[in-house]
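Comments concern the structure below.
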Amino acid sequence: MKIRILALLLGFVLLPLSAYAEEGGIDKGDTAWILVSTALVMLMTPGLAFFYGGMVRRKNVLGTMMHSFFILCLISVQWVLWGYSLAFGPDIGGIVGGLDYLGLNGVGQEPNGTIPHLAFMMFQGMFAIITVALITGAFAERLKFSALLIFSLLWATIVYDPLCHWVWGGGWLGDLGALDFAGGTVVHISSGVSALVAAMVIGRRRGYPREPMPPHNLGYTLLGTALLWFGWFGFNAGSALAADGIAAVAFVATNTATAAAALVWIFVEWAHRGKPTLLGGASGAVAGLVAITPAAGFVGPVSSILIGAGAGVFCYIAVSILKPRLGYDDSLDVFGIHGVGGMWGAVATGLFASVGAQGLFFGNASQVGIQIVGVLATVVLATVATFVILKITDLITGLRVTEEEEVEGLDLSQHGESGYNL
Amino acid sequence: MKKIEAIIKPFKLDDVKRALQDMNIEGMTVSEVKGFGRQKGHAELYRGAEYIVDFVPKVKIEIVVPEENAQPVVDALLGSARTGKIGDGKIFISTIDEAIRIRTGERGKEAL
Amino acid sequence: MKIRILALLLGFVLLPLSAYAEEGGIDKGDTAWILVSTALVMLMTPGLAFFYGGMVRRKNVLGTMMHSFFILCLISVQWVLWGYSLAFGPDIGGIVGGLDYLGLNGVGQEPNGTIPHLAFMMFQGMFAIITVALITGAFAERLKFSALLIFSLLWATIVYDPLCHWVWGGGWLGDLGALDFAGGTVVHISSGVSALVAAMVIGRRRGYPREPMPPHNLGYTLLGTALLWFGWFGFNAGSALAADGIAAVAFVATNTATAAAALVWIFVEWAHRGKPTLLGGASGAVAGLVAITPAAGFVGPVSSILIGAGAGVFCYIAVSILKPRLGYDDSLDVFGIHGVGGMWGAVATGLFASVGAQGLFFGNASQVGIQIVGVLATVVLATVATFVILKITDLITGLRVTEEEEVEGLDLSQHGESGYNL
Amino acid sequence: MKIRILALLLGFVLLPLSAYAEEGGIDKGDTAWILVSTALVMLMTPGLAFFYGGMVRRKNVLGTMMHSFFILCLISVQWVLWGYSLAFGPDIGGIVGGLDYLGLNGVGQEPNGTIPHLAFMMFQGMFAIITVALITGAFAERLKFSALLIFSLLWATIVYDPLCHWVWGGGWLGDLGALDFAGGTVVHISSGVSALVAAMVIGRRRGYPREPMPPHNLGYTLLGTALLWFGWFGFNAGSALAADGIAAVAFVATNTATAAAALVWIFVEWAHRGKPTLLGGASGAVAGLVAITPAAGFVGPVSSILIGAGAGVFCYIAVSILKPRLGYDDSLDVFGIHGVGGMWGAVATGLFASVGAQGLFFGNASQVGIQIVGVLATVVLATVATFVILKITDLITGLRVTEEEEVEGLDLSQHGESGYNL
Amino acid sequence: MKKIEAIIKPFKLDDVKRALQDMNIEGMTVSEVKGFGRQKGHAELYRGAEYIVDFVPKVKIEIVVPEENAQPVVDALLGSARTGKIGDGKIFISTIDEAIRIRTGERGKEAL
Amino acid sequence: MKKIEAIIKPFKLDDVKRALQDMNIEGMTVSEVKGFGRQKGHAELYRGAEYIVDFVPKVKIEIVVPEENAQPVVDALLGSARTGKIGDGKIFISTIDEAIRIRTGERGKEAL
């Protein structure tokens, strides 16, 4: 995406007499598309609330949904106040953005590429929100709500904002040439790895893995999947930052990889366990969405099928074979799907890129190496910082609810509400 | 008076109700329960993992009848709830000391 | 918005040789954005069905959802047949539109501003629909369905259509200079005040306030909140009537105020009652959406935070302290959220406006006065007309279901259906 | 729609110096609109999952939703691999497209009309998906999942792809002049008729019609209705393939006919059975959406009301009077709504067309005849091919689950999952 | 000890609970059941077709009391659950051999 | 035969089931109920207002056993359901006149 921003900026500089100039650089078609994409990405976070909320036990449905919903509110404000500035303010040493944009000072209607700067800011803000929300699947059904508040604020500020700067804001990773069309490293590897750290630091749910903890409402999970899939068109195709051919490439790659990943997960589970499941289809779809994210604007449809298929296989193995062996309780498989899927996607981008950039299979062997550097850097930052943030949070409020509260459920103990009165 | 409690397979409820209506039983109370017995539960899948749900959905029917009607009701139940497969359920009979109709305050057989 | 329409029309008149002229005045970027916005606003009404439907008791879920859904159908047709003409037909004395557009006669593909006239008509129609639907929260769980039919038709025709004309259709309130970017007075004050009148005329639910009447499905309420938030981007940013910088301003203000209001409500309830709730977050979000509506295109992000925060505080107080003291049963707090939030928003627009118009804090003291005139005019029209309409409806069909029907629930008694067979 | 494609292509050829040419023929406003429309149409299939899923019994909720979800995945891949080529590849004798586009070979960012070819491809792909998914309502609650897999793949390839070619891909039916703006024949008649055939071949559900089989969650059904209505704006107005006046015409027609059909169904059921129902409203809305589909870009608002009203009446009669008399068990009334609504819509297009084409009432009597030819051709293809496909599927895997599996429900027997653990 | 089982109309539960509390009954167990009796079910609509749901939602209250309290409890139930319309429900009384409080192991009246 | 009814805390069901299985109890019937007793309910919030829900979720287990097994079952229940906190629940024992297995028509102990 960074490449595209540069291209657009260049285009703007070099073509002062073009159609753009007539309207002060703003293209209304592009602006319409980015505003819509921003709305679509916003919808993903409530989508996640349902995706996650359906999978927990009935007594934790509101507590789980509240995580996503609260983060939507919290990071919306954090981003406007200081997050955007840390991520996209004038570069400081390749590491972080300066404070010039605090409170969106100086961020207005003027064009950024071919869209209003405010539109670019808001589109990016939705990415910050969902990234933080994704992590919450790791500690579902046992986190104190006050801990969520502190953890989210710190994580957004210390992990997301700088990492976003590294890749898209003019930082070192983007300069290195790492390809990340719509956020494979920034969004998925970072949240997936942080989720794993959180699951291990916070510890298992009471009763896990002895007691089965079946999803209480798979309809909610399917609804969430649908909203995620729908919103992801904005996430990926919107990352073209224009309503053009690249957006169409990314749109098609997104849909195709997602479908392929869902099919593969379904078939693998069918072969392995004897039955094709809806939750498997939903999980595979999300794995596919994750894996295609860094590659979306760089690959054609057949590569998309392969990337999706890989996501279906690798994430299925991570979730159903690796996790039980290793014994950690990442409640809703954030690592298994976003971490593993994100890493596969980042590497696969280095393998399959063919549109506007070349990967290994298209003659550019070095890209894979750069991609791996990106993955490693993200893993290191996410692991260390998340660990520290959890320890700080623990000091301030404690991380887990009491055993009694866990048995009663988060809905009643944290929020004084019940999900259903049927 | 006797209380007859039958634990049956849910999809048999309609047949049982019809059989009881046919013999002019005018009242019964039904609830959803989960049974545990010889009939095995089933396996469910959760992201590639299998777990066993050992409770089986059942329906409990309670019918209070004058003692002399107990046997016919049992026969009707046996006739209508049986599939011949494991898990068809049980009938338990116990004694009711008194029955009262709330609306009228009638007691005993009159209340049923 | 009126200002913008004027600006666009002026632009159209004065720049006959601009890019617009090349395509007969229609800008495809703007048209794409308004078509999408129209679809988004349409989705808000089913969103409202879920927002409201989740909050009532199980036995009234369908009856409550049916209100919104039926109004979507009814007013869609009313608007096409005569509503649009009353609101946007040629001005008659600043009070109401003429009948020239009956049955959309003469409303076609020709540009209205930079979009097809039909697109403008439909966008406006979605506002009419949701305004009527909002009121239904006041008399949920006890209104006769036949009364809903008559009330809705009369209210749309006698209250909404003229009021819309006053503010946006060339009427006296717009001429006065009242700022209402996307419908604070037209939509929210009018529905909120009418809701209060309706709650008082129709009377309390059986058992209120002695019996608790907890929401039966807060998942539905969250789904509704998500769809409302999502759709409101079309409502507010779409009211720019163009895919431009102002749309981006409105988009950012909408998201920011909503998030701030939800946070504030959550924190206030946490402080006041000891627990942060999901329903509080959802209620706060809607309060924020309401309050930012008149201001959206006129304010920056920091003002948006303040407007949202005010909405969180004022609406919380109205709902949790004022309502029980006054004792009326506005079942789902239409007045407390839309009435109070709308009035605060209208005044706040007069305080904070800084983009394309000036409010008190930006040197234009007189704006607040104009805003207050707008509020008062709306309150008077809504109060008097709603009272009369209710009396007429009562004469024709009666307003309330019988006590027995109320105990049984509206789903069975009015519609012969059950919400769930689980 | 075919007419519009031609017009756009012509426009492109004849106006090499126009604004389009400056950007290589791609219009960003149009592209933004089509990308959004594609996302909207995608959302319809999960919408259908909820529409259908709410209507079945609890034990079949996942099995029913899985049909739509799985088809979304399966046909997404089929379309990319060979479906698009069969439908839109170079014409072979008016019957089917050539294999030139296999694996989307040669389908890229270049303009197709004013949008990238890939965008056109993907928009069309979403139509293929939902058409197959619509059929599943006919055999809900009793089909083997393995049969679904085979049936869907064969039906998409043998029925949908060629039929789509006939009407939109350069085939004989389009050449004949049949008007089908957005898929009345291609989508609705084909799926509706196939559904009837499938219902008859597969046979009734155990207990039908003796046992009542009431919907288990009408909230889901309303959610599905809302998503269908919302997504259908993309379906119909997107079929203009441009963000222009015709799109606005189609948008308005869609909303108006849908509302009118829902109102009429509600009133008819109210008159006939004494109560207005939510499911009736939802069913009527879908009937209206179906009926206006072929006509959307060709008719004005008043004609739309009439087309919608006709749909409400005819589909109500088909579902509530005809079906019980004839005794087939089309579980969720695919034939009664999509088949009957689609046929009425196709004929009504020939009656009411007045925008860009003329129907009987606007002086062109011959159009009705052409429309009827289109209907008949579709009926014949769908009937014969569906019958054969079902027989093949039966041979390979069998069609129905065992009686025991049917009693247990598809969720457990086919997927090893439960819809709810409440 | 006696077990008093009452099948009542759901919306009466609150009144009944209050009546029992007023007489210092400190424990009861409540469940949702479906009743079949003289009170007719209702018709529901499904796309223009009508079908009859003959089970009526009811609430079952179980209260175990020392024998001497049985009559007062019955009176309280009769007083609070009655609407006078068909379907008000029934009270059934039976004998409990033993009651045990799980927390303490107390038996008999002490356990209630 | 005796019927043992236990009202327990829901999260103890698994432990109880295991304890009963360990002593070769092969059948039981479980239902969800709401309890009212010494254990207080909880407060819930609704838009800044607080209200009390005084019914507590409980699980009812019914086990019919030959008389001689009653005491061991009670002991197993006491051992597995107790947390020592208020609200652990009750065990009620009553007499069953007859039990019948629907599938086979067997009666008495054979039917269990």
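Should a chain be cited, it is by its letter among A, B, C, D, E and F, assigned in written order, with residues numbered from 1 in that chain.
Please note the rule applied: contacts are C-beta pairs under 8 Å (C-beta built on N, C-alpha and C of every residue); 3 or more make two chains touch, one makes a residue touch a chain.
All figures in this text were calculated on a predicted structure; none of them were measured in a lab.
Chemist: Any chance you could name the chains that touch chain C and chain E both?
Modeler: Chains that touch both chain C and chain E, as defined above, are D, F.
Chemist: Trace the shortest chain of touching neighbours from chain A to chain E and give its length in steps.
Modeler: 2
Chemist: Weigh B-D against D-E on C-beta contact pairs and write down the one with more.
Modeler: D-E
Chemist: Copies chain A, chain D: same or different interface, half of numbers shared as the threshold?
Modeler: Copies use mostly different positions to touch.
Chemist: Could you work out how far the Cα centre of chain D sits from that of chain F, in whole Å?
Modeler: Distance between chain centres: 52 Å.
Chemist: Where the CA atoms of chain B average out and where those of chain F average out, how many Å apart are those spots?
Modeler: Once rounded, the distance between the two centres reads 18 Å.
Chemist: Give the residues of chain C touching no fewer than two other chains, as numbers and ranges.
Modeler: 19, 27-30, 32-33, 36, 214-215, 217, 223, 273, 275, 277, 279, 415-418, 420, 422, in rising order.
Chemist: Of all the residues in chain B, which ones touch at least 2 other chains?
Modeler: Expected reply: 31, 44-45, 50, 53, 94-95.
Chemist: What pairs of chains are touching here?
Modeler: After working through each pair, the chains in contact turn out to be A-B, A-C, A-D, A-F, B-D, B-E, B-F, C-D, C-E, C-F, D-E, E-F.
Chemist: Where on chain A is chain C touching in the complex?
Modeler: 19, 22-23, 26-33, 35-36, 38-39, 42-43, 46-47, 49-50, 53, 61-62, 65-66, 69-70, 72-74, 76-77, 80, 103-104, 108-110, 115-116, 118-119, 121-122, 125, 145, 217, 220, 223, 227, 414-422
Chemist: Which stretch or stretches of chain F touch chain A in the complex?
Modeler: Per the touch definition, chain F meets chain A at residues 11, 14, 42-45, 50, 53.
Chemist: In their complex, what parts of chain E are in touch with chain D?
Modeler: Residue list for chain E touching chain D: 44-53.
Chemist: Inside the complex, what are the residues of chain F that reach chain B?
Modeler: The contact residues of chain F facing chain B are 3, 17, 26-31, 64, 94-103, 105, 111-112.
Chemist: Quick one: in the complex, what on chain C touches chain F?
Modeler: Going by the criterion above, the answer is residues 212, 214-215, 269, 272-273, 275, 277, 279-280, 283, 316, 319-321, 324, 333.
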